[in-house]
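For reference, the structures are reproduced in the following blocks.
Look at the two complexes coming up: chain A is in both, with chain B in one and chain C in the other.
Entry: the complex of A and B
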């Protein structure tokens, strides 16, 4: 199979995955009497009963559930993503979603950078000093990483870096929100840090970065542990192979052996798991956003869950699922370039 | 039975025994794994003993029944020491004192005792969820790997769908729609955790079923069920065990996270996430509530993760040495 055939096959499969996801979420969000009536967000005080009936007819809310799904599918393919819950002042779902999505992207990207920057060295050290003190220390950090309740860790960070530091009159980090200077810089990308850089406003950028540090670190703590363990396992496996022994017996320095020969191959499994990290970060972002009052889509979807707001939940799950699937696809394609033994 | 046959069986058992001894030796060599084993045993013991150590009636927010709904400690004494904070009617948060080493929660219940009572709730649910997810996923994975063809493809695609949904949202939507009961929560978390086992078991079965002993068994006239359940699954179950041990910590965390987010069947249920969510609104003035309940969750998850990590190192033939 050629590479582009493989990519096309995967993309076609993705459509089925997205369809399956929307079926599940649609059924869960609309199919139960505990959920609110899907027509609720469409109603405002000036509407007559006839107009409400008309909205019901147009979007198929009066039909059985399985027919409603096709109405929804028709609407979404026509670009009408529906109106989202009363908590968002009944605004169009896509407007609400895409104005908050950049915040989540910023948080996830920052968390990914921190994950790699901390997790990679820890994993390498762990493998090189196998079963010695540095290995134990890095193992404890890594395992504590994915044993930590996300919201609890966020709370501890807030308590230490915001509350106690401010109690003692020391410079402290902000505990909530994405930016303390809303509206100073025009929104271009929607990500505060990037907007600040684009506008050339140093104060705004630094403020946005200060807001970003705690949530990003809190979010990266889980995936950091996973990365550390995977890099360690990959490194241990590679270090026992013949070509490493050969490289050593050639008289190469340990530095060259490890960084030029071992690391490249040891990183392949770590790269393949980037897709998984992304899923983990996007899923974990919900709780982190809730704790840090980060204005991203995760926090909003949490509110949507409690309100039974099917329109927002569908958009949220579909977009994040599409990102996860595409990230996995990119990783699988990268794999071919990283490891020449693999063919499709 | 002939002599030589007895001999081979004996030597086979001797080999297994030697293997087990070597495994135990490897486990003993690593202090962190030992710590994990002891912590795990401690929490399991606490799971069985908690209701004997602490009177479960203490969890009743109305106070002791035999004291007519009041608490047997003297509140005035605590008041006079100046470490009571008044939150308004109905909320009694005390900071740690000689009466309550870790302080109290919003109902004036001793936090330490509530944490002891909460541990069996979390552990029991996590055990049920993990075993359920592992059993379900393993069976589906075994089916997919062993039968192959269309069934394999269908099971894999369904797994893909479940793996692509952000893991919390599925559990949240499910729990929100089916109402707030423990059973709903269990099932909603199970929904998130089973797909990993399908992938894992399928991969194992695919390599295992090509081995010559399977062919030999089939030649001897063994049925599919016997080959699969009697031989292939037992031979490839180790990674599942390791994964289940590792997942146990995540399940505890997810379960308490759902409780924390407000899916608790009752706000007074002593459960770690529930206690923490009580503390969320008093995050800066009563930090002990969240601090200690979260720390307990961390310790439970860490215990099982240390154990699982050690088991993986020891049972994985590629890393074992």
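Entry: the complex of A and C
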């Protein structure tokens, strides 16, 4: 099978996967015995019973579940993704989701870049200096990374890099938010850093970058630990292979042996991990976004959970599932380029 | 490598380096310098962080307290409250008012007041604004499925022909040109001349002035409002006829001003809305330079003090982050949940001395202040299954089980040790300070007190002599009476039954209290009688939905007065078609009759009789134990000590920043 055939096949399969997910999620959200009543987010404490029934009728929540599902599916396909409750100003669900999504993309990209930029070299150094001080330091960092709760690490970062530095009158990072200069540049992509660059506004871009550092580092710290460990293990295994010994015996420089021959093969599990990590982040990092008031989909979906907004949660789950399926596909395709032995 | 007693010098150097770093960090963290002048003082900006977000910012649509905070600074009303006596109503945009007859009020308007868009405030603006409220009659921002009948419109519609209101008539209105004309033909606002209006109501009431203080009665600039709505609605060019605009606007709360990303300048208030970000929920207000200042300039800082230039409402969901921002001087004020009060206030001083004293340098905790709301446990009758069939198990139809539940908690203890003493224990539903004076009567007391022995006796009696037929208060969902034998309140270890307390997620204090009650009651009845009590935690909206459908045994309820008047308590709380009685399915004819009498006494201006009826209704409700009344809320505010001239309005529970300024504490 050619690669493009494989991709088409996977994309077709994806439709069925998403349909299955939507069915399960719809049932869990609307039909499960302890599920949240879909009318919940529209209700406030001063509504009369008649007004509440009116809301139910208007939105079709009084119909049997299977009819609701088909109505919902039809509406989704027609681009009507329903509306959110009053907590999100009763705006269309897709408008709410996609107004927050760029923030999550920016945070995910930044966290992934940091993960790779720090985790990869640490893993390599750790393998090359096996059981020496750099290895021990690297392993401590990795261990700290994946054993530290994200919300706690976020608070520690805020405490040190915002609170104490600001108290001492030193340059410090903002505690939260995505930008301190809202409205200075017009929204093009919805990603503050990118919008600043596109608008050519250096001040805005730097301010947006400053806001990005702490949440991105907080997020990357966890995955950095995992990546370091995976790269270290992969490198150690590869470095013991015969073809590495052969490469060295041919007189190749250590740099060429490590980066051209060893690293490429050791990277396959690392690519899988990074790809999945990135995909998961695109679904929103609820706690980190909450702590740093980062206006991404993670924070908004957390609010939707507490409000019982099944309209939003359905869309959120479907889009997140699609992202993960697509990320899986991209990772699988990348294998072909990393390891020519892999065929589909 | 050289070694000292087996330890390499590298290791020793490394250990010393680590110790130095640790000591340095410890010193850095534990010895911060004294706080300096916060940045917001230099910028003359007020930053308020909270975990709340706005819902609707159009004054004629909103009924949400957090929205009022913004709206009050931007839009003003004909009458409002005196600063030193913040429940006393005084003329505001009006220069004076006179009641000509029981249904007619004449307002002389102030001259030389400008809207933020530069247009003059006059009688036409009053006519336009108050009719716009009646004609919008909707809340939802959803243009496809507008929800008709809004709390905001309802406030004033109750004074007029209720058949023209979706909420009050129970009939969805046509919202066409004929309906618009019918609303206008009520002649609610009559323009006498450019600066005089007469307001005609159809039901005489002493509530008229309190109702006119609400944000829903805010006066807006006709030209900017119409221009904004036309652009937002894509309605083309306005033909200059107000009726044309009203026909477009009829029945829809989806206006240009709910989520004004590019701000608005439609009010006469001290600040205009500079921007609203629907993604970050940040709201920025800017000082209106030509602000008239309020009566006798009471809404401006003292002479020589500079008004705060910018107000920012920032959504910050994490309390820990808010607290850091306050301590670091990047936030002027923050929202502090009740459970976190001792993160900002001295616990001992509050519990022992009743004083809220800040434990943070440069921060003042203001309060506590009474507010007009009450929390209670609703005991429901006529509980139905989701398919609307009547349940045979009706625990709270039985007075003994209501009383047993009420006796299972020491509310005084709960208020001190669970609620951190942040409320005032309630005797009945009416909070202190309710108008007219005398409405609050602490002599009408609850009939229960903490007594587990009594609870055990009551449960035992209910077990031995279970309720087996409907009481006079019970009827089917469609209103027909329930014949004997349908109700079966028997329970035993072989036939166990549950009683559920519903509570909304996040309401930590209430959850703890319910858990204590359930623990106490289960200790009495679980194994011995097979009667089990449990707490069910659901989102707030879910709780209200289930309550409105009569599907739960009980829930925690709260009423915040829409305006300060006793009628706004008696009707929703005690009338069988009122909000809570309708949810709880209580139907006491005696209370219905008294509600009618109260309205009549109010119409006639007979305050003495109104107060007598109020006492009688509260007494009956307490005796029947229709609610287990808990407490009246209080408010407190955590603000930078640099902020001076601080005050708040208890009726709407918001602090007002128009007259505030910064000064060294």
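One rule holds for everything that comes next: the second predicted complex is superposed on the first by the 311 of 344 C-alpha atoms of A that agree within 3 Å, B and C clash if a C-alpha of one lies under 4 Å from a C-alpha of the other, contacts with A are read in each partner's own complex, and residues count from 1 in each chain.
The rule is short, and it goes like this: contacts are C-beta pairs under 8 Å (C-beta built on N, C-alpha and C of every residue); 3 or more make two chains touch, one makes a residue touch a chain.
Everything quoted here is computed from the prediction, not taken from an experiment.
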Quick check on the superposed pair: does A:159 touch chain B, chain C, both, or neither? Answer first, second, both or neither.
both
Please work out whether A:143 is in contact with chain B alone, chain C alone, both, or neither, and reply first, second, both or neither.
first
On the A-aligned overlay, A:290 touches which partner chain: chain B = first, chain C = second, or both, or neither?
both
Now for A:50: first (chain B), second (chain C), both, or neither, which partner does it touch?
second
Which of chain B and chain C A:272 touches, first, second, both or neither
neither
Regarding the shared-chain residue A:320, is it in contact with chain B (first), chain C (second), both, or neither?
first
Partner chain(s) touched by A:308 [first = chain B, second = chain C, both, neither]:
both
A:63 contacts which: chain B (first), chain C (second), both, neither?
neither
For A:91 in the superposed arrangement: first (chain B), second (chain C), both or neither?
second
Is there a shared patch on chain A that both chain B and chain C touch, and which residues make it up?
155, 158-159, 163, 290, 306, 308
Quick check: in the complex, which residue numbers of chain A touch chain C?
36-37, 39-55, 58-59, 80, 83, 85-87, 89-92, 99-100, 103, 155, 158-160, 162-164, 166-169, 175-178, 182-183, 190, 290-293, 295, 299, 303, 306-308
If you look only at chain A, which of its residues touch chain B in the complex?
13, 16-17, 20-21, 24-25, 28-29, 31-32, 34-35, 131, 136, 139-140, 143-144, 146-153, 155-156, 158-159, 163, 229, 233, 236-237, 279-280, 282-284, 286-287, 290, 301-302, 305-306, 308, 313, 316-317, 320-321, 324-325
Residues of chain C that touch chain A when the two form their complex
28-29, 32-33, 35-36, 53-56, 63-64, 139-142, 144-145, 147-149, 151, 167, 170, 172, 258-259, 275, 277-282, 284, 314-318, 320-321, 324-325, 327-330, 505-506, 538-542, 544-546, 548-549, 557-559, 562, 572, 577, 579, 582-583
Which bits of chain B are touching chain A when the two form their complex?
29-32, 157-158, 160-161, 163-170, 172-174, 176-179, 249-250, 253, 256-257, 260-262, 273, 276, 280, 283-284, 287, 290-291, 293-295, 297-298, 301-302, 305-306, 309, 316, 318-319
